[in-house]
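One structure follows; several queries about it will come next.
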């Protein structure tokens, strides 16, 4: 604890490594806690499962 | 923002299109915000990963 | 199950009643399940706790 | 309702059966509610998508 | 990690103590991990913010 | 979208401003998306509602 949940699109492993490292550094610099306290979970979502403005991103980006 | 998370079973793409459209319309009609403000994320779960009353739905529906 | 989580701003009780009713109706019309199967949880967030584009909404709306 | 979300690693079906059963029993013994009221959703995450202390578990456990 | 999120009604401190203890014990008995690995977060929700079958629990329980 | 949820302890407004700014900067540097695409929601939890290793943090920190 704290626990950071990141909901976004599919990512490469390199992006995940950087994201976890940077989100943790950002958090430790604001809260006075060691990095060991932070957990990040990356939730990858298919564009078919994300809707913005009532439309699936899978359809929006095909146009 | 707002952010709607929908946790349920596997859906077809057509169901996802309708769900995102209708959840967004339902929300805009209640809050005075444009549809562009709303994000919907559909989380599809295997019946093996959902438990109700202490039993996996995967087992319950096999009976 | 299914479970709908709605993360947004503070709402009046009347808005909550309408939101829960409409989100449930929208969902039952897409999935072939009775309305009793659906749970909606409304998460009200202070504008000080929501950030868009790196800025708190509490600050953005004050300008 | 209540709704329990369990975010962890990949599990076998047998582990899921036990987990759902035991989490529900633990909850009913504390809250005065029948087991039918409880839903558990198990979220399985790849070790590549979990970061602790700024490092992916996929990398940490390879060492 | 793992991370257990419990969404339910208001609880007493004694209930929270028991719930965290029992959910953690249930989890450690199924996964081969020490109890130190588990975090539980209890999310207390007003009955005005929970809807089942399209109706707020705050209204349902008043009847 | 993407959507970042930060579950942690109570924070000051200044901490929230920094946290939202830094988490967004960290994310934009890894994903090729403008900062306007990112939403951060900070979930503040009472120490009485967080359990680690089966014990409430409210009790652990009192010792």
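As written, the chain order gives the labels A, B, C, D, E and F, with residue 1 at the start of each chain.
Rule of thumb we're sticking to: a residue touches a chain if its C-beta (ideal position, glycine included) is under 8 Å from a C-beta of that chain, and two chains touch if they have at least 3 such contacts.
Note that the structure is predicted; figures quoted are calculated from it, not measured.
**Q** What are the chains that chain B and chain C both touch?
**A** D, F
**Q** Note down the smallest number of touching-chain steps it takes to go from chain C to chain F.
**A** The fewest touching-chain steps linking chain C to chain F number 1.
**Q** Shortest hop count from chain B to chain E along touching chains?
**A** When the steps are counted carefully, the minimum from chain B to chain E is 2.
**Q** What rotation angle superposes the Cα atoms of chain B onto chain F, in degrees to the nearest 5?
**A** Copies differ by a rotation of 180 degrees.
**Q** Would you identify the chain whose Cα-based centre sits farthest away from the centre of chain B?
**A** Result for the farthest chain: F.
**Q** Centroid of chain C to centroid of chain D, CA atoms only: how many Å?
**A** So the centroids are 24 Å from each other.
**Q** Using CA atom averages as chain centres, what separation in Å is found between chain A and chain B?
**A** Taking the average C-alpha coordinate of chain A and of chain B, the gap between them is 20 Å.
**Q** Counting in whole Å, what is the centre-to-centre distance of chain A and chain F, each centre being its mean C-alpha position?
**A** Result: the chain centres lie 13 Å from each other.
**Q** For chain D, give me the residues that contact two or more of the other chains.
**A** Expected reply: 1, 3, 7, 19, 23, 25, 39, 41, 50, 52.
**Q** Go ahead and list every pair of chains that touch.
**A** Once each pair is checked, the touching ones are A-B, A-D, A-E, A-F, B-C, B-D, B-F, C-D, C-E, C-F, D-E, E-F.
**Q** Applying the document's contact rule, which stretches of chain D touch chain B when the two form their complex?
**A** 13, 16-17, 19-21, 23-25, 34-36, 38-44
**Q** Going by the contact rule set out above, which residues of chain F touch chain E in the complex?
**A** Within the complex, chain F contacts chain E at residues 7, 45, 48-56, 58-59.
**Q** Chain F touches which residues of chain B in the complex?
**A** 1, 3, 39, 41
**Q** Could you please specify the touching residues of chain E with respect to chain D in the complex?
**A** My answer: residues 1-9, 11, 15, 18-19, 22-23, 25-27, 29-31, 50, 52, 57.
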